[in-house]
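What follows is chain A paired twice: with chain B in the first complex and chain C in the second.
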Partner chain A sequence: MTQANKKRRVDLYALTWRLPIIVWQFLFFVGPLVFLIAMSFFVVKNYRMVETFELASWERILSRDYFWSSYLYTFGMATFATVLATMLAFPASFALAFKVSANTRRWAMFFLIVPFFTSYLVKTFSWYVILAKTGVVNSLFGYLGLGPYTLLNTWIGTMVGFMTLVLPLLVLLQTLSLSQVDKNLIEAAHNLGSGRFRTIFNVIVPSAKIGLIVGALFCFILSFGDFVSPYYLGGSTPQTLSILIIDTTKSGNQWPRAAVVAICMMVTLFVIAFTSIVFAYRKPKS
Partner chain B sequence: MIKDGVISFFLKAYLVVLFIFVFAPIIASVIFSFNSDRFPTIPLGSFSLEWYKLIINDPDIAKAAITSIIVAISSSILATFIGFCTAYSDYRYDFRFKGPYLALALLPPTVPLIIMALAMLAWLSKFGLSGSVLSIVLAHTVLCTPFAMAIIRLRLSQMDTSLEAAAWNLGASEWSAMREIVVPFARPAIISSLCLTAAVSFDEFAVAWFVSGLNKTIPVVILEIVQGNIDPRVNAIGTFVFLTSMTLVIIAQVIFMKNQNKGAVSG
Partner chain C sequence: MNETKTKPLTNPTRRKFLKYTAAATIAAPYITSVKAAPTEINMLAWYGHGEPDIVGAYEEANNVKFNAKYYAGGDNMLALISQSPPGTYDLILSDAEFVLQLNAAGYIEEMDAAAYNFDDMLHDDFKQFPGHWKDGKLFSVMVRGGHLGVSYNKNAMTAEEAMSYKGFWKPELKGKVGHFDWHLPNLGMMSLQNGNGAKLWDLDDDAWKAVQETTMSLRSQVGGFFDYGGTFNSLKNGEMQAMCGIGDWITGVLEKDGAPVASVIPEEGGIQFTESYSIGKGSSKQAEVQKFIQHMLTPEGQVRSAEMAAYPGFCITKGGLALLQETNPKEAARSGQVEGAVNEPIRLINEGRIHYRDIPTQQGLEDWNDFWSDYKNA
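On to the complex of A and B.
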């Protein structure tokens, strides 16, 4: 009743439902992104953008050391956040998938969706207050006779922000993929005398590979593009690419240069996404 | 050999710690909003409604709230409509380039918001639209549509394909089958989608910040306050926003869950 029943005929009725997204996305999604590429070849003269085709912005940005150091820093932080978040999330997802009741799991999933709909800005501000020199964390350390530590305006602050951003989504995706793992497979591994950790790494992780990689990919995309944590919790030094875009656009009014930075980010993300998807779906060597 | 029970216990304890970490900033912000100290620490100061009084009497915040509500309602309606059309096309038809078609519909969340923001700003400025409330609506619709599409598609996948076919056999036109069968069946998902996309729009700040100009939304106001200094008004506004979003999310969840089990028979 499924494939055979779907029609290939195109008529007014079919078009009514098919067209809106095409029109809308071309006008307001593909359009802007293509224009972004075009804009990287424009130049700014007397504070006005002139539509032309010049490589000035590309040469300018790609020849600057601050761009490359910022690129490396952003890439490094996003990679670190991805590894850290994956390691932090895995035991929790494992517990949710295998150690709790179905009812607890359902509630946990609901509570993992909740943070997605709470303001990231407010959460960041909250961390700002909690992590401050006189904040909650340092006064707790104070009772233990430690600190105060400088947590804000360091990479630690940025990481706390990134984790707040990515952990709920990551645990959600990991739990979903771990729950799909065939329980009989795990049972079989145990019966064949495979130890606990060996079962996890040789049976569970390979079976849940796609979900785990997609989760990590989302982690990378989110932390690579985020400007709030590096700006407010990391003190924006060193600059990340997203902060560079904001500065160049807002104070510099150099939209073409900002476009160059944005395109470099997009290309990086595209390469990373493509590589990880290929890796995720690659057949295991036997 | 360590006992399974012990490992289980530590894993569950770890799970609790992780949830505390995720929810700490949200809960802290609600607590701080009722706290008299400008720089909250332990022990907390006294209970106070000072920050709430400040924001209620602030005309800028009231104006931003109205803008936010207008934007959230408009973009949730647009996104849900477009999402419905796309979900239905995917459910009902096979066609050439269906892969690219779906990719086009679902890709926006994978583009970093800051890049969308810059691209939108440049594109809308070209047509003289940036700085208007409309520009925020257009941009938010792009960001919200994939969610609407996903929720409605999930619901449609529970609908028996023969249901529509039966209506045609009984002489209904495709349009009236849509009106009498498909839309009523998808209604819970449509309502959920309206709520969730409104919540997404209500919290979005990056794109809104770039394209909004003087028509700031609530998150943009928060962003600007935060840029200044530690100002506990943010906690009070944040608590308002949190309650609004949560109400929407819970309504969406309840409606969707309640109808999840009602299959094709009652549809």
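On to the complex of A and C.
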């Protein structure tokens, strides 16, 4: 048997281990995705979907101003949440990775996981008590002779919700990533006269680039698709794409139109994710 | 003497332990099935109708068990039914304006008109509610109702200001007017504000355009769009001082809890939500469902419905009203179900100030929904 034929033979052992994830992806990602795409061409008659191939839902959604304003608002909020969360998380992650003992880091990681024990919806509703006009934050402002400020049912409320969702995850991902940075590189940078900030931005951040970008990507994905915070803390004003999907299905059972919105969201996330991964793994110019 | 015979049960031999365990295992299913398994009735309804305060005593007395599936809004209800095979739901609680569509789509069974005491109804309209009868055949029975108007915080609006939808435009309420997030009652109210009265759902192009303009002019006052929970919370914590699209069905719950909120029917008129029971197509438990609907029309059933923990409604039968006034005069007075009350439901209907909620006749629901999305993004 030639070497080429050997290579062409299916490696059953490797395939056995790969098969579950392939089957899983087909059943729970590719299958539903294909159905979602097909559904966007269906029409609804008397609250029932009729299987056909028409562009009516695409034409309807893409020609509506409210879709585009929702899209821009959702994209803008997710981008801002990603930048804000990254900036807020980095100092904490840096401290956990480089400035504390291994034992403290373990406890900190444990306490960062604890928030996930509670339902996100419950956590969101608890913000009502804190952000309301008569809530904790405004009471504190009151002691300083300030406020009360409207925090609920604004973009600020939405952003607080996004941070609740993504910040613990982002600190975890960043900490894990920064912990992998070779300490010798940092020492070498210092020995060569590099200041602290220069070391952070020229040595540590490039070394942990992949993890930092993946963390930010998760942050964007979660914020972009979140329904709970924009609805309950942002008062649905203005509405995000997730809320638009709900509205579309609620009125007239228009699943095909909702599918169009969902596909637009998925395409956006795919482009963002692809660009991010390419950027993360791009080799620096020598 | 054989020692095993005298060994107490508290200290059995291994053989006896195994024997008793096996006997107990075999007997267990028979012991637990002495009481017949309850008949399960699948209910599709707004939240609250399948809760213990409404069906608990009935379940106990009749050995039935309600499996409630809740929805929010008639569109949502129709969507759920259309996605389920016939016979999935035995009992369907529907907003009256959607009964016609339920019937047209063949989702409900014809009902036995002789089984229900229509003579006890408080108003003639309730006997022959639009869409509930077709060609002399009964398809749905009204069981409760409620009125929608201006809901407000008494510390932010006076009762006089609340007597007109214009109150929503009060400058001091900027950012503090909320919407219940469903286009139908909100746009209906804007239509009433425009003076469309009884033709509030029957809008030609000009009238529809005017309703859109009126609604858009309210946008700068609006602080948010809420579902039931959000509406409840925002009124309770004072974030919203006035609410469009709701009525006593939400403020009533808060009022009973001591919150300074109320709902009134303004001069321009109010909207009635009407809830009716139908029997699901293909149900195998039609007799049991009929019996339950009959129960909900008894005075006891009506009082339970009027006092519903999730959201109150008014009694629609004379017997129910009389029993409510006798057993819970406080709630009867609060909800205007006493003679001479300003918000007495039947008097408001007779005065022509109440319009039954309907769906738009000259536009599609999707046109209203499209505009609602535009409005939310404005």
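We adopt the following convention: the second predicted complex is superposed on the first by the 255 of 286 C-alpha atoms of A that agree within 3 Å, B and C clash if a C-alpha of one lies under 4 Å from a C-alpha of the other, contacts with A are read in each partner's own complex, and residues count from 1 in each chain.
Here is the rule we go by: contacts are C-beta pairs under 8 Å (C-beta built on N, C-alpha and C of every residue); 3 or more make two chains touch, one makes a residue touch a chain.
Nothing here was measured: the structure is a model prediction, and the numbers come from that model.
Engineer: Identify which of chain B and chain C touches the larger number of residues of chain A.
Structural biologist: Counting residues of chain A touched by each partner, the higher count goes to B.
Engineer: According to the stated criteria, A:Gln180 is in contact with first (chain B), second (chain C), both, or neither; which is it?
Structural biologist: After superposing on A, A:Gln180 lies clear of both chain B and chain C.
Engineer: Based on the superposed arrangement, let me know which partner A:Thr134 touches: chain B (first), chain C (second), both, or neither?
Structural biologist: Both: A:Thr134 reaches chain B and chain C.
Engineer: Kindly classify A:Arg64 by the partners it touches after superposition: chain B alone (first), chain C alone (second), both, or neither?
Structural biologist: Only chain C is touched by A:Arg64; chain B is not.
Engineer: Could you look at A:Thr52 and tell me whether it touches chain B, chain C, both or neither (first, second, both, neither)?
Structural biologist: Touch partners of A:Thr52: none, neither chain B nor chain C.
Engineer: Which partner does A:Thr275 contact after superposing on A: first (chain B), second (chain C), both, neither?
Structural biologist: In the superposed model, A:Thr275 contacts neither chain B nor chain C.
Engineer: Tell me the contact category for A:Ser251 with respect to chain B and chain C: first, second, both or neither.
Structural biologist: second
Engineer: Identify the partner contact of A:Asn202: answer first if only chain B is touched, second if only chain C is, both if each is, neither if none is.
Structural biologist: neither
Engineer: Which parts of chain A are touched by chain B and by chain C alike?
Structural biologist: Comparing the two interfaces on chain A, one with chain B and one with chain C, the shared residues are 125, 128, 132, 134-135, 232, 249.
Engineer: Chain A touches which residues of chain B in the complex?
Structural biologist: Touch residues, chain B against chain A: 7-8, 11-12, 14-15, 18-19, 21-26, 28-29, 32, 39-42, 81-82, 85-86, 88-89, 92-95, 101, 104-105, 107-108, 110-116, 118-124, 126, 138-139, 141-142, 145, 149, 160-162, 165, 174-175, 196, 199-200, 203, 205-206, 210, 219, 222-223, 226, 230, 234-235, 237-238, 241-242, 245-246, 248-249, 253.
Engineer: So in the complex, the part of chain A that touches chain C is made up of which residues?
Structural biologist: 46-48, 64-66, 69-70, 73, 125, 128, 132-135, 150, 152-153, 231-232, 234-239, 243-244, 247-254
Engineer: Considering only the defined contacts, which chain A positions touch chain B in the complex?
Structural biologist: 1-3, 5-8, 10, 13-14, 16-22, 24-25, 28-33, 35-36, 39, 88-89, 91-92, 94-96, 99-100, 108, 110-115, 117-130, 132, 134-136, 139-140, 163-164, 167-168, 171, 196, 221-222, 224-227, 232, 242, 245-246, 249, 255, 258-259, 262, 265-266, 269, 273
Engineer: Can you list the chain C residues touching chain A in their complex?
Structural biologist: Residues 72-73, 75-76, 78-79, 81-82, 101, 104-105, 175, 178, 181-183, 222-227, 229-230, 233-234, 237-239, 364-366, 368-370, 372-374, 376-378 of chain C touch chain A in their complex.
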